[in-house]
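The structure appears right after this line, and notes come after that.
Labels run A, B, C, D, E and F following the written order; every chain starts at residue 1.
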Amino acid sequence: MFKRIDKLQIDLPKLQQPDPESAGVVQELLGGRFGEMSTLNNYMFQSFNFRSKKKLRPFYELIASITAEEFGHVELVSNTINLCLDGSTGNGSTNPDDAPLKQVAGMGNKFNFMLGGQNALPVDSAGKPWTGDNVFSSGNLVNDLLHNFYLECGARTHKMRVYEMTENQTARELIGYLLVRGSVHAVAYAKALEEVTGVNMMKMLPVPNLDNAKFSHAQKYESLGEHRKLYRFSDDDYTLLNRIWKGPTPIGPAGELEVVDGTPEGGEIPDLLEVPEEFAPGFDEEQFRELSKRLQYEAGL
Amino acid sequence: MFKRIDKLQIDLPKLQQPDPESAGVVQELLGGRFGEMSTLNNYMFQSFNFRSKKKLRPFYELIASITAEEFGHVELVSNTINLCLDGSTGNGSTNPDDAPLKQVAGMGNKFNFMLGGQNALPVDSAGKPWTGDNVFSSGNLVNDLLHNFYLECGARTHKMRVYEMTENQTARELIGYLLVRGSVHAVAYAKALEEVTGVNMMKMLPVPNLDNAKFSHAQKYESLGEHRKLYRFSDDDYTLLNRIWKGPTPIGPAGELEVVDGTPEGGEIPDLLEVPEEFAPGFDEEQFRELSKRLQYEAGL
Amino acid sequence: MFKRIDKLQIDLPKLQQPDPESAGVVQELLGGRFGEMSTLNNYMFQSFNFRSKKKLRPFYELIASITAEEFGHVELVSNTINLCLDGSTGNGSTNPDDAPLKQVAGMGNKFNFMLGGQNALPVDSAGKPWTGDNVFSSGNLVNDLLHNFYLECGARTHKMRVYEMTENQTARELIGYLLVRGSVHAVAYAKALEEVTGVNMMKMLPVPNLDNAKFSHAQKYESLGEHRKLYRFSDDDYTLLNRIWKGPTPIGPAGELEVVDGTPEGGEIPDLLEVPEEFAPGFDEEQFRELSKRLQYEAGL
Amino acid sequence: MFKRIDKLQIDLPKLQQPDPESAGVVQELLGGRFGEMSTLNNYMFQSFNFRSKKKLRPFYELIASITAEEFGHVELVSNTINLCLDGSTGNGSTNPDDAPLKQVAGMGNKFNFMLGGQNALPVDSAGKPWTGDNVFSSGNLVNDLLHNFYLECGARTHKMRVYEMTENQTARELIGYLLVRGSVHAVAYAKALEEVTGVNMMKMLPVPNLDNAKFSHAQKYESLGEHRKLYRFSDDDYTLLNRIWKGPTPIGPAGELEVVDGTPEGGEIPDLLEVPEEFAPGFDEEQFRELSKRLQYEAGL
Amino acid sequence: MFKRIDKLQIDLPKLQQPDPESAGVVQELLGGRFGEMSTLNNYMFQSFNFRSKKKLRPFYELIASITAEEFGHVELVSNTINLCLDGSTGNGSTNPDDAPLKQVAGMGNKFNFMLGGQNALPVDSAGKPWTGDNVFSSGNLVNDLLHNFYLECGARTHKMRVYEMTENQTARELIGYLLVRGSVHAVAYAKALEEVTGVNMMKMLPVPNLDNAKFSHAQKYESLGEHRKLYRFSDDDYTLLNRIWKGPTPIGPAGELEVVDGTPEGGEIPDLLEVPEEFAPGFDEEQFRELSKRLQYEAGL
Amino acid sequence: MFKRIDKLQIDLPKLQQPDPESAGVVQELLGGRFGEMSTLNNYMFQSFNFRSKKKLRPFYELIASITAEEFGHVELVSNTINLCLDGSTGNGSTNPDDAPLKQVAGMGNKFNFMLGGQNALPVDSAGKPWTGDNVFSSGNLVNDLLHNFYLECGARTHKMRVYEMTENQTARELIGYLLVRGSVHAVAYAKALEEVTGVNMMKMLPVPNLDNAKFSHAQKYESLGEHRKLYRFSDDDYTLLNRIWKGPTPIGPAGELEVVDGTPEGGEIPDLLEVPEEFAPGFDEEQFRELSKRLQYEAGL
């Protein structure tokens, strides 16, 4: 089971300018083959399908608790896309005859505006849907761990490239954070593989071999020690993570790897306003007020 | 963010007999167009993409908290499939030349044994992968709620049909529970639609119009009042659910709708044993023992 | 524009026995790459996209009017599938706990019973959806005609094979008819190609080179002269078909090709009864009666 | 069966300027998840698969006759795309070395020019093919009607957005007309649902809640009463539509709903000229003349 | 460029009995995610896309020459499927009315008989087409090598499982050979990774950790030293393979790794006879004779 | 089996300017429905699946040897794409914070830079993956040959259009060559069809009916006689090609068709340099040097 917390894992800076083009490339990190939907669902299904949970408890717990973090990554990427999209249409008129969505016709990521109402979707940067074929859950622990290690390296390559495609500060803050957290997962799977097979996988890191510190928004999170922390993302479970997550960090500023109880402190979920030309959510001030009054809640109007 | 609890939402009965054929049809309820991957991801993305969260707070919270329950449904279906698959191969030999996976050749759900190591995958009953095209997140609240209501009705049709396809007690326990919980979500979206539009949607329920009480494994959960409860699935958030979830239940045994703090009490996650002919997880007793000793955990050997 | 007639192109014999297996293979002729959805949509889009309609009028009319016939083929195949499926489930009980859909678990075409309520769907024999990638509309007339000729030959191969897979009399009646009508279209495109390029395409027919007369259910329709008739499928339009469709028939019993005004006389559309275990359509006798009374129509009860 | 009429449902205005970008977004209304291929095929298959046709005759007829109208919508959208594409390439030369298709390289809808010869295809605005997975035909009448109602609302959202993306008068004329006709279908399914379940679905309309009258090209058709008319699209059949389609119109200018015999009067199908650089259709004037002479038809040269 | 040799890499034993069921599972090894189409195309595209070929020559040559071997693997798997399918239909009659393809209706791999004429296709065991999404070509050498190593391990898991699903001697001979050759490629990529990163990847092998020697048909090829040989598959190129492929073999019977010039000696390509009920190839003896005479070749009749 | 030669079939001119837009449209000729992946795989599978190889030897050899040429076409298109992409990113900095991939955000073919590291992929111009559904291998020789003839005509249409979309000299050199070689294959299949059926297919050529000579880069290769040559692409096999490939050429400058032993002389494979901002291949000069020294090869540094 899962419990939800109405917070993001970090605070995402608000943009000065709408930036739909950056939203378009960040979609690859959401619904692309190496996007967060892939990491989430791979670990989720592997945790469901894990055999001999008791006999291999620390390995099971590692995959199970990382799954919980990945949910938050999907959430974080989606919110980043929404922030980048926000305000990118409209011309001061709500009259359809004035073509208030005219900007969309020339964009590469029309899907964000046609199927979505100026929002994120589980598709890649070309609008192709994420698919269950991206999930590998073979049941063989070494094969699954090897896959996960490879997946994190492939995902890192993609994140690094998308970082280089945009100067958008929200997108970069997202990617900086994800680079550091993704490296944590790469190290975690490397250590697990090493425990089982004796192969010194960590020596291969980072793939590609450019340090997180070269990305200013990643450096920030390494300086906070985020590269050394593995969160349990659970109230009472997954207490054996420290059987694998221990010793000095193989990447980033020196220090000991540590298991952290619970979740990161987190940041606020952005509350983006209505977009009349998208009919999202499709109410005017009076209707908001009327609903708020009838259902007796504080709508902040 | 999400936190994970190492429990299922209910206890799933262990099978007396392996039943791979039932596993094959239950896959439709996992990765089919109307499976739990679809309900999960629809509500998850709608909650990320919700605009005017403050102005429409109870609606946002409804979708956001149901998302958390859906994660548990995906988990529950996956575990049911794994229980049905367990033990369905093998002939007493671990010698590959003795063809210990011979049973698979005649099965319709070979994917559970070839790509998966006798385990669940995010695909439908024919092995086609779940796809992001199953997600509808238009940004227009009425359109999204209408979709969700339709989705729950379509999902109910599928669950009822799969129930009728199997006599397997684990599969039926799963479906009985999901029928009741799915009805809760259908009622929730109907009530939300009713609050916004004034249309008496609940009068349409159930779709198809056969009561849950006709399914003995659903009746059990209705008699426990599960049809009246909406769990918050959160420690501190989603406190406005009762603005929508209130009044007498429109379906099932009479009573008042109630919001329940936290999660269901839950049941144990099955710990299925190794399947040598699938190389899942790929260790023998000595290797388990050696790992347990080296990493200092209790492996129950 | 199109007008609809509440009739099939031929009478389909009722089955003595349900035959879901034959339904499963006939699905290939509906939604497979060479199924009727493909012929329909190829000609439909080519007719929409035809350039220089006036300058090449007879060619435009040929493709446009054949499109109308193809709608009827899709209808005919769908009804055949439904007839084959009818009655294939149920055990005398409508109690879900008695598993009245138990038969489905072992079938290869579960989709007909899970997504469909014992009915046809636009998918192939493995349940894969028909896709717009099956449409070729290049705008180049010779290329399009060559494609259509190839498509009809490929479709004929498939029909001949499916005929050989089933002894079902309804399925064979369908295929016998389609073999003859498909040959008409192959000849039509061959003649059109011949008019434009001078190549004697008809000499290649039939592909594969086994005469329709070898299939008893096709022979029946050839003996009725169906291989020589091209229907206009229009009240007032497509009057130039005889510019291309003329001369002696190159295949089947000797005779002159002739353009027939209007449509075939046609046969009755089967009215299959309700299937309670599929919730299709989901009413009992009393509800039928009540609706019939309230809306004042003759329900034949 | 179907008969074809060589007319469009309305007259489409000729463009002053080629507008391939608008063609690109209108493709979503053809082959997108909520495009006309989806409405057509959903109703077509539901009409084929309808069980208890006699017992539920008016409902069967409603779905069956709307199918016929939808064919005309697919035709109308395709012709609009072709009009928008027309003339968008070429530089006065037919010499390939002069790169007369140079304009295409920078376009988002290259598929219209590469696979198509400057014409419409059954794909969405990103070139992804329409798929049979977009069809819902469950056999349960309430579930199917609910789906259809939801589908029309989703389709309306998309049409409104595309309208706002373009100032093209042909595209807007198309969408204005489709908004009005789509609303007719939404009302039709709402009334059918209301007859069966007693739920006042019409109260929810329009979704999204912006009147057609706000779109000048839709207002035109409402002022002609098109929002009150349901065409039979048949010579002799579907005579019970007035059992459901009756009473005052719930949307648009006041008046009584009326069933209209036959089809709309309709407009002329555009006859677009050859595009040498696309080899569409691939003839020069002399070849046209030669064919016209040999086959004895009036080619208007 | 490539040159072709009209031989298989090994001799495939002829079957005593048709075995379409084994053909169905072996299809996974052809067109499945981890089938030979995937290994072929991954290495082929990586070899085309390799940057700094001169600076990293031995690595380029390794991937380039393995590509050539993979073509032969695709050929070998296809021929095995064809051998398993051969003779699986027919009832002594070539009269379509006698239903000589009746056997197919109950099979899981109908595609081999409907789309194919009793032959292999680039699809997986469920008939889903192989797709270019299975190709990973990131341009980063370590990431690509890591992928290739993971791919070979995943492919090995699948081969081992399919081996255990069939007792068919042709299928096992194929898989035995592929297990040994696949291990050669796994070792090759492990050694390449080790040269670049210093990580002792070979220590992880085999994945899954069951020796090839446990599979009698693999043991045969190991005893012939096939696990130690890397063929150049080229007349004059790829002469630096021994910079990486050297030292003692890390798996299988002890010995030194060796680069072999040219190709394996190879075996005969089976020449399967006509299948009249599939119209494959669609000629009778007289027609064969007539063609042979007219084109003056020895047809062995 | 296949042997590889480290050469391209022709020399590709180096570009003066990067031209990612042309790379984007050339992708259609690689992974599109009518791209070289399609011709390759169709002929490859048809050659594997050919029945009665001895009885129909010249036909088998024709398809088998053309397969080998097609591998080289895939290689040639991939290299052209890589040449067009080369140098299209970067701003003099290798600091990720300077956004050295900024150019990509506005491109239509982002996949070449995100999934690929500035390189070709088996996808079409919109990034959709090539799929095995593009392969037709029916087993019926006439049907397969007819398909191949149609495929070559469709592929020619596409090549001609892409030629007209770009002024890039590398892309045009590629397409000029492919137009001539594709015509050879069209003629080959036409002649084979003519031998079997007596239909004068060659009279239809070229489709579309614009001579290769109108494309200056194709004219060059026709003037070299490339339109008359069929290469054996084999050392010792396929010696009966001249049974079909004989007589005067039906297209291009007059002359006799001739079978050529072996392969074309060929051209150099481009060795593109590292792209640091893509981490392709991910080494700096010192690392290159170190590897070269350790593995003892000449790296040209």
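Heads up, the rule we're going with is that a contact is a pair of C-beta atoms (placed from the backbone, for glycine too) under 8 Å apart; a residue touches a chain by one contact, two chains touch by 3 or more.
These numbers were taken from a predicted model, which means no experiment stands behind them.
Asks: Which chains make contact with chain C and with chain D at once?
Replies: B, F
Asks: Going by the average position of its CA atoms, which chain sits the greatest distance from chain C?
Replies: The most remote chain is A.
Asks: Could you work out how far the Cα centre of chain A sits from that of chain E, in whole Å?
Replies: A distance of 38 Å separates the two centres.
Asks: Per the centroid of Cα atoms for each chain, what is the distance between chain A and chain B, given in Å?
Replies: Averaging C-alpha atoms per chain gives centres 23 Å apart.
Asks: Where the CA atoms of chain B average out and where those of chain F average out, how many Å apart are those spots?
Replies: 48
Asks: Mind pulling the residue numbers of chain F that touch at least two other chains?
Replies: Within chain F, residues 33, 108, 115, 126, 128, 133, 138, 140, 142-143, 157, 208-209, 278-279, 282 contact more than one other chain.
Asks: Classify the chain contact graph as line, ring, star, complete or other.
Replies: Graph shape here is other: it fits none of the named patterns.
Asks: Which of the chains touch, listed as pairs?
Replies: Taking the chains two at a time, the touching pairs are A-B, A-D, A-E, A-F, B-C, B-D, B-E, C-D, C-E, C-F, D-F, E-F.
Asks: Help me check something: in the complex, which residues belonging to chain D touch chain B?
Replies: Touching chain B: residues 33, 133, 136, 138, 140, 142-143, 146-147, 149-150, 153-154, 157, 193, 197-201, 203-204, 207-209 of chain D.
Asks: Going by the contact rule at the top, pick out the chain A residues touching chain D in the complex.
Replies: 95-97, 99-102, 104-106, 108, 110-111, 113-115, 126-128, 277-279, 282
Asks: Enumerate the contact residues on chain B facing chain A in the complex.
Replies: Within the complex, chain B contacts chain A at residues 1-9, 31, 37, 41, 44-45, 48-58, 64-65, 67-68, 71-72, 74-75, 78-79, 82, 115-123, 129-133, 135, 137-143, 195-196, 233-238, 240, 243-244, 262-264, 266, 269, 271-275, 278-283, 288, 291-292, 294-301.
Asks: Spell out the residues on chain C that touch chain E in their complex, using ranges where they run on.
Replies: Its residues touching chain E are 21-22, 24-25, 28, 32-33, 108, 125-126, 128, 157-158, 160-167, 208-210, 214-216.
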